[in-house]
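Taking it in order: structure first as structure tokens, then the write-up.
Going by the order they are written in, the chains are A, B and C; count residues from 1 in each one.
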Amino acid sequence: MLETFIQQGINALQLGSYYSLIALGYCLVYGVLLLINFAHGDIFMVGAYIAFFCATALMGKYGVLDAGMSGWIVLALTVPLTMLLTSGVGVFIERVAYRPLRLKGANRLYVVITALMMGIVLEYGNLAMLGATRKSFPTLVPRAIFEIGGATVTSLKLAAIFTSFAVFGLLQWIVTRTKIGMAMRAVSFDKFAVPLMGIPLDIVIIFTFFLGSSMAGLAGLLYAMNFPVLDPFMGALVGWKAFIAAVVGGIGDIRGAFIGGFLLAFLEVTVAATFSSELRDLISFTILLGILSWKPTGLFGKPRTTKI
Amino acid sequence: MALLEITDLTQRFGGLLAVNEFSVRLEGREMCALIGPNGAGKTTVFNLVSGFYQPTSGSIKIGGVDTRGMKPHQVTSLGVARTFQNIRLWNDMTVLDNIKVSQHYRLGYSLVDSLLRTRRYADREKAIDHEAMELLEFMGMRDLADEVPPNLPYGTQRKVEIARALSIKPKLLLLDEPAAGLPSTDVVELIKLVEWIHKEFDLAIWMIEHQMTVVMSLCQWIKVIDFGATIAEGTPEEIRNNPEVIKAYLGDENI
Amino acid sequence: MLLGLVAMTQTGLLGQYAQTFLCTMGIYMILAASLNLVNGYMGEFSCGHAGFMAVGAYTASIVGVILFVGDENFGPALLPMSLAPLAFPLILATGFAAAALVGLLVAVPSFKTRGDYLAVITLAAGYIVKSALENIEIVGGPRGFMGMKKVVLAIEESLTVPWMLVWIFIGVVLTVWLLRRFVYSTYGKGVMAIHQDEVAAEIMSVNTNHMKLVAFMLSSGLAGLAGGLYAYLIGFVNPASFTILRSTECLVMVYLGGMGSLTGSILAAGIFTILLEFLKPLEQLKWVAIPMLLIVLMQFRPEGLMGNRELSDIFPKLKRFYRFK
């Protein structure tokens, strides 16, 4: 009994760490631009594919590099490469699709729709380029298996959980302690005053997308290592769910997004364990809807009072 | 029966005491003012009267009806209209539509009537349109009927907002800083307008205003609040010389 | 125009392929126009439109089966099949009503919250509907439901006119007609007042909760009508037809056409269906090409094709030719 409890708890923590990493990206972009970046889930998918190509290239699959690097070195190189390349994709999308609309003063919702379509482009672009066959992610490092209270835990699971907590800590530090982080918060307060105060708006926005997308890339890599089958639509569902989680936590507050991600994961795992996995979405979304009806601005969101 | 009777009205926002045991009684047809330094809780009083907040304690009675638990639109239909500090017109609608939509409380037809375009719908729409045009005509804004608010000068927008408030035929008109942001020439005109409204329409006017020229030349009676509490009330002459009021506005000179 | 359409099908000018194409276009038009009420006129961001469509589709299918087919789950048929062509509008009406009721699921939270939080509620509501359908065994769960196929075949046999095309045409006209009347009445303009300033709307005697309820229910009900038509057009429904991608299509049409322009929505739905059809040879690349095209289009017209104007605002002379009174 206790074993299953711990086992499920660890599964929930692992699932929650992906949700949280993605939710944090939604939250950052939303906090700064008030934009729901609906393409973010697909950035996560792109991250997983980039990780796949980085890892296989480094292992010498395409003859670019010599085979024979040890798995650890490959992993050590794949992590920063993936994060960098994924954030490149994120920033690129911001530049070509969102920024021109923003400069033209389009209604905020038109940018949201553009993001939605960007997501579809990424999904189907990937499908068209790489075909429908699923890629399977290579094993880079041997899995170590631990036992905690009778439950088995692989090192990869633990890595995912620890990474998400570390990233959250780092992000909290960036947002509250560094100059650029404070600039990000300033932009979310008042987009018009910020350039007047000498803060370069563009750099803040690029940095935001950079941070958000690199975290999505990291999540993609970790996800691919744990569930080594990649397909172009893997990001869509996870992304939507992470977004819902971010809002339930209170979008615009990174603590809210982080906790929201874990909350959703725990709900899903609990429902799947006690009822059945078919009922998972039905029940967990109903509960989230209930939370939102009870706290209309999410768990951590501040109620916005309209000034009259 | 009093038009408006507020007894011991108190409003807390978390730890902040925004309004503290505020009482007032209007019989109808008065013209009076609520003044006080910034953040004194004046607009909160108006928001409470118009039903936008539910008071922590105390009661508000409009024409003898207790408004506790009422939604703002229900309070409005009791005959309380208001304007806002920052003009809140519907900017994509014409001036005429701004006034017509404000007749929701007495539309007199239902969703089904509007979909089937029944006789009742046609009659009521015609009547509402007619009355709205009459009001605009009466206020000398007939030619603005098809303009949208953003195309009008600021002072005119204020006037449109006041017209919209009058269109619900209020017995009590709340004006929240009507002179805010107006150049001094427009302020003179505003004073004339409010005086004219008070004479032509059968109503009481209660205003929040910082410009003392407006308050002193219009109101028979003034109430001063600071930090949510009433510190003085009386005629303009009494208020002008009240040491408490001078202290609230200028600070304590002894310090 | 309806007569013209029927005549064209009878003379063979409109083949089966063209008919199906027009039907699909009509369904998209209903979806886009109905979503525009909430997303365009009321300014909310509802992204669960496919969920309401699904409710309408399933309800209409089940009612059809209960009345005319009957099976082990729903008992024997209540009415003879020969009545089916007559009862078809009734079947569609039940789809409308059921979807409007489910619209309450998002209408009630909208009293307290709006904007992005409400968007998530609609999104979650869409998921809830879809995953509820996947879990209801008597409608086939994830495999789908096709009991009403028999009704479709029976009506097809007894009628010589292209009845589906006729009903969809009526559905489109009805939708535009209802929505137009609604948003042009002083009553319906309360919805626009909520969009532009909700505080002022409530203070100026608009019962905002009531207006939101009406707008959401009318919008979701019409989506249900589209769903019912869709179910009988295809003769088969399954939860996979009502995914987030379907909701996204609806959203794209609304914003492409312009928020608060019914002609815009109709136009956008037309363009969108034509794109879908003409780019079919591209297969998967279609879903790259269409969004790309739309993204580029939006860069040129960031307020949508029509902005918030109607066709009659641009060409006032057109008013002479049609009357929606």
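Operating definition for what follows: a residue touches a chain if its C-beta (ideal position, glycine included) is under 8 Å from a C-beta of that chain, and two chains touch if they have at least 3 such contacts.
Here the structure is a predicted model, which means the values were calculated and not measured.
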Distance-to-centre winner among chains (Cα means, whole assembly as reference): C
Relative to subunit A, chain with the most remote C-alpha centre: B
Centre distance in Å when subunit B and subunit C are each reduced to the mean of their C-alpha atoms: 43
Euclidean distance of C-alpha centroids - subunit A vs subunit B, Å: 49
Centroid spacing, where centroids are CA-atom means, of subunit A and subunit C in whole angstrom: 33
Residues of subunit A engaged with two or more neighbouring chains: 308
Sites on subunit B at which at least two other chains make contact: 52, 84
For subunit C, residues that touch 2 or more chains besides their own: 199
List of subunit A residues in touch with subunit C within their complex: 30, 36, 97, 100-101, 104-107, 109-110, 112-114, 116-118, 120-121, 123-125, 127-128, 236, 240, 243-244, 247-248, 251, 278-282, 285-286, 288-289, 292-293, 296-298, 301, 306, 308
In the complex with subunit A, residue positions of subunit C that touch it: 39, 45, 108-109, 112-113, 116-117, 119-121, 123-125, 127-128, 130-132, 134-135, 198-199, 244-245, 248, 251-252, 255, 259, 283-288, 291-292, 294-295, 298-299, 302-304
Parts of subunit B lying in touch with subunit C, wherever the complex brings them together: 50, 52, 71-73, 76-77, 81-82, 84, 88-93, 97, 100-105, 107, 109-111, 114-115, 117, 121, 125, 128, 164-165, 168
Residue numbers on subunit C that touch subunit B, as the complex places them: 178, 181-182, 185-190, 192-193, 195-197, 199-209, 214, 308, 325
